[in-house]
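The chains carry the letters A, B, C and D, assigned in the order they are written, with residues numbered from 1 in each.
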Amino acid sequence: MFFASDNGAPILPQVMEAMTRANHGYALSYGNDAAYGQMRDQIRDLFEAPLAEIALASTGTAANALALSLLTPPWGSVYCHSLAHIAVDECGAPEFFTHGAKLQLIDGPHGRIAPEVLRNVLATADRSVQAVQPSALSLSNVTELGTIYTAAEIAALASIAHLHGLRVHLDGARFSNALAATGASPAEMTWRAGVDVLTLGGTKHGLFAAEIIVVFDPENARDLPYRLKRGGQTGSKLRFVAAQIQTWLNDGLWLETAQHCNDMAASLAEGLHQIEGVEILDPVEANIIFARLPQAAFARAKAAGAVFYGNPQQSRFVSSWSTTQADVDALLAALRG
Amino acid sequence: MFFASDNGAPILPQVMEAMTRANHGYALSYGNDAAYGQMRDQIRDLFEAPLAEIALASTGTAANALALSLLTPPWGSVYCHSLAHIAVDECGAPEFFTHGAKLQLIDGPHGRIAPEVLRNVLATADRSVQAVQPSALSLSNVTELGTIYTAAEIAALASIAHLHGLRVHLDGARFSNALAATGASPAEMTWRAGVDVLTLGGTKHGLFAAEIIVVFDPENARDLPYRLKRGGQTGSKLRFVAAQIQTWLNDGLWLETAQHCNDMAASLAEGLHQIEGVEILDPVEANIIFARLPQAAFARAKAAGAVFYGNPQQSRFVSSWSTTQADVDALLAALRG
Amino acid sequence: MFFASDNGAPILPQVMEAMTRANHGYALSYGNDAAYGQMRDQIRDLFEAPLAEIALASTGTAANALALSLLTPPWGSVYCHSLAHIAVDECGAPEFFTHGAKLQLIDGPHGRIAPEVLRNVLATADRSVQAVQPSALSLSNVTELGTIYTAAEIAALASIAHLHGLRVHLDGARFSNALAATGASPAEMTWRAGVDVLTLGGTKHGLFAAEIIVVFDPENARDLPYRLKRGGQTGSKLRFVAAQIQTWLNDGLWLETAQHCNDMAASLAEGLHQIEGVEILDPVEANIIFARLPQAAFARAKAAGAVFYGNPQQSRFVSSWSTTQADVDALLAALRG
Amino acid sequence: MFFASDNGAPILPQVMEAMTRANHGYALSYGNDAAYGQMRDQIRDLFEAPLAEIALASTGTAANALALSLLTPPWGSVYCHSLAHIAVDECGAPEFFTHGAKLQLIDGPHGRIAPEVLRNVLATADRSVQAVQPSALSLSNVTELGTIYTAAEIAALASIAHLHGLRVHLDGARFSNALAATGASPAEMTWRAGVDVLTLGGTKHGLFAAEIIVVFDPENARDLPYRLKRGGQTGSKLRFVAAQIQTWLNDGLWLETAQHCNDMAASLAEGLHQIEGVEILDPVEANIIFARLPQAAFARAKAAGAVFYGNPQQSRFVSSWSTTQADVDALLAALRG
């Protein structure tokens, strides 16, 4: 009954096997090996983006912060939801990697930014030299509250951003969940919708130290090698990351596991709906559930060994590739008492 | 015949097995799991430093830069050899993580800083407010030229540094090679010799994305959690790094493999000495050899498929845990023609 | 009819004379001259703070940003009103000088932060390592909307901040206006109320390139000389700044001129109240007035040559030491038509 | 007998009068006033550079650091003489304003960089991603040791720099002394010789808080307004700086005073040559003299009240616009005993 985070799941068995298989002989470091090149081409194919630049980072925080550093000068600002991971969970990494750019926070229900709000915020933004200059929009899909933007919704927001001269970052720590939930293709959800840079998360999906930065317009990536190196993110044994990613993205494994993960959350949400006194706080559209729990149910779940964050007023349950129906049923049983 | 870098070797089989064994069930992320705590305690034991703070980084560059950021303010300076990795191979990562501290370069034969030179440099350093303030000494052991400082030599340099109010960093990307070469204990080579912060490299020794920062005085580590997080170095699935490190440090595996690695370099050096026209440029004390090669020998080795950096004037050969006597012999045969 | 900003007024005649008088002979630069020491002592006396450290900056932006850099680490956050000068008018200077600290914005009517809001914000602030660490509270007195905090109100806010481990900065670009308006002594409005660092503005009060940083606890000022130098703020001919400040602070000139300035605003506000269709938007407590103007009145004032910022919905009028009753009457006459 | 620094001289009487004359009425702040525009146009005319962008800074350190920040990314390097003011006297301001770029030090006799040395350094510079990227050359004219580059010498160095893709900064804290010494025109010494950005010092020449940044290609100045504001250098009462600069540059006052200043140094050098035991250490080409003094002569000069930096082994004498022949004679008399 581990619902604390999709971070806590083990490595996908197929991915671990791929690492083991890759473990023979020598290879040049820093991405100069054959597997790295194959992985890069596989990602380009998958995103139908033959010119995209690809880089790897060891954490989602590093990937996000590096991505933002490509899109804003130090005197720029990045608009994002007030609950965005970059705003509240990264101890200022975006400020560090961008040399002090400012995050401009936008509120909105269920973790989403509404187009009319964005339009108004950007239309009235101060662009005098006294002000930091509006430079980027950062969206998260899946959002921090477990909701989804469709590709069309991203396109609507991105077009507003572009109209005002901003570039667009997509924090895709749970990108595969969003694809599985919407049926959109990788391209539809990103560059076709106006996304300039994607951080594509592997770590929450059964990979280890494998986060991907996809820069669709190589012009935006000119500084990336230096920022990576200087940021301590130029990994040396990258064949082992490449092997993981290749296996994950191959034959749809990434979408299958994301779909399973979403299904487990849907099943859990369905069960929660039927428990008296439980209130689900945000639409359950991917693999995260926020719910208000009766005090007694909360206590029973904890006592039964369920692992999750929050308190009775707002508990969070996150499913992963590794979550089973039995896990869901056990949690529901514990909550029911 | 891969002698390009110890980075290019595969993962130690025992280490890969440990990762596989660790791959079951759930664990809290960010170092809040049991394996992480065990690893931390193992390192403390090994270094006889029960209060030391331990942190992990995914690259040696990040580990070095974070370590330095604990020892110098932005307006401080770090003294190091002019060939130090932090000075020439990290694209300014120390400047980035320290917010602009200055590296003050000291020359010295064979990659080493001589005590009398350090003494003179520090005695004459400008300490007025116009000057950056001398804050840290960074030593590398093994040095970039493959030479070694003994524990006594480190102690001599560290005592000069401390006398002038500097703290001492040891870049131990090849620390295990230095221990194997000198027979010193981990404590003797570090805190007993005056080292304040060690970066202990795993990646060049058959680990993957596993670099360790050891801060002997916890007072120096107060900011470390924030710097790590903000620097994008707070890995989430750290049980897999902990498993690697535990296995590596257990039962002397780290020293055995380092000894083997050093032995292979010694064997190669012995062979090189006997080849007419080859000149070994720096004392071979660990696992790195710099040599001048006859043009024809250089060409023959390359033609035979040997992988190494440099040119006939200065070629570099690095052995690893994975280097075999057969590799050495094949390289020597190719060079001999 | 210049009401654009108190920045636009000339230099006080007495202050200009003092500069002229100081212009003979040689003096050591960088504050090592006699006049600088006298000025420092005068400020210490005036604030009843014999240990306070004093520094000079050439702009209010530099003074604020340097002051904040003493109070927050790069991974810290500074709470301030969402309209604060540091938040909206300095192009990210606080982020630059603090190496990326985050400003946390608090709303509140008329430019003021309410104690209960601050208490709630700090009580619920995330202090985990994922979050930037709450480090400082920055208040502005006079506020950006022309309102005032009394010394007691500052004390109330500062005590909440201190309770949560934050230190307190006071942006006193218009500190003399606040003193004149409240009758508080310099000490009462600052360190006795819990202010740790004050930026005391001279430029808006008839001085030239003269902003003062007052650090009441010298412990907070240890890094200040380096930050000043590195920030390009260690002026060389400081005897000319010292001469200005000495004259301004001597015999109450600073309070007299501030009182006159406030009086002119009060007179203007009184006149505005009597003009049909004019709505004063914020309490007029010092020298700044925000008002809604009838479109025709706005146009008439502009046509008559009145200089002020804003639009009919929100026009801003700022008086200065140089504003005369005739200026006020002329503006009122133009508005009345 | 004040020879400590040209910083310590008073304000030129004509310049002080200009400030006094400018002190009436209101003016928009931040350079939006008429005098500022006139000053900008005057500088463009003087440099025959109608498109040049002009900015003001309050200190030479700020001007230099801002200038460099236009020419190098954070992962770039700036080549300069090992004695350059930016390298040793600014407490890391270049690193601060450039967000961590690296200064690469080049030795050379008498404070000058030799073309053949620069050519070799740049030809062998590492340009891999591990290395900081060579981005700028910074020259000082007058140099820190009081020597001069002719316009042709600057052109030779700049052409080497440009050939390797670097841009060129000229630290002109004593630019007027260099012009007076060589007879070159402002254009010949700067953009015609390949200088991209000049910092033109006023403070050492009888101005107060008046340093000028001249960016010859406006493309290089696109970020400048934001960097200025964010760096706390957007002064508000700039009409008083403009008035100073206009007067200084008008009718050749800047060159006349520089010539007088150089003449005083020449006269002092001539006198020093004739004192037994005095050795002049560097060619005296402008207004700075370094000399070895007999211990007794040194002591006599100090006892007589002469103010200068250094010790008997290396004493420094700097003349200013305010130095008189009587000052020179008195110093010589004191040294002679």
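Here, a residue touches a chain if its C-beta (ideal position, glycine included) is under 8 Å from a C-beta of that chain, and two chains touch if they have at least 3 such contacts.
Nothing here was measured: the structure is a model prediction, and the numbers come from that model.
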Query - Chain labels contacting subunit A and also subunit C - result: B, D
Query raised in the report: Looking at C-alpha means, what's the farthest chain from subunit B?
Result: C
Report summary line: When B-D and A-B are ranked by contacting C-beta pairs, first comes A-B
Report summary line: Per the C-alpha centroid definition, the whole-Å distance linking subunit A and subunit B comes out as 34
Query raised in the report: Where the centres are mean C-alpha positions, what is the separation of subunit A from subunit D, in Å?
Result: 51
Report summary line: Cα centre of subunit B to Cα centre of subunit D, whole Å, reads 42
Query raised in the report: Out of subunit D, which residues touch more than one other chain, so two or more?
Result: 74-75, 90-92, 95-96, 99, 129-130, 226, 229-230, 234
Requested in this report: Within their complex, state which residues of subunit B touch subunit C.
Outcome: 73-75, 99, 129-130, 133, 223, 225-227, 229-230, 234
Report summary line: Residue set of subunit D touching subunit B in the complex reads 74-75, 88-92, 95-96, 98-103, 105, 126, 129-132
Query raised in the report: In their complex, what parts of subunit A are in touch with subunit B?
Result: 2, 4-5, 7-11, 13, 16, 19-20, 23-29, 57-63, 65-66, 90-93, 96-97, 203, 208-209, 226, 229-237, 240, 307, 322
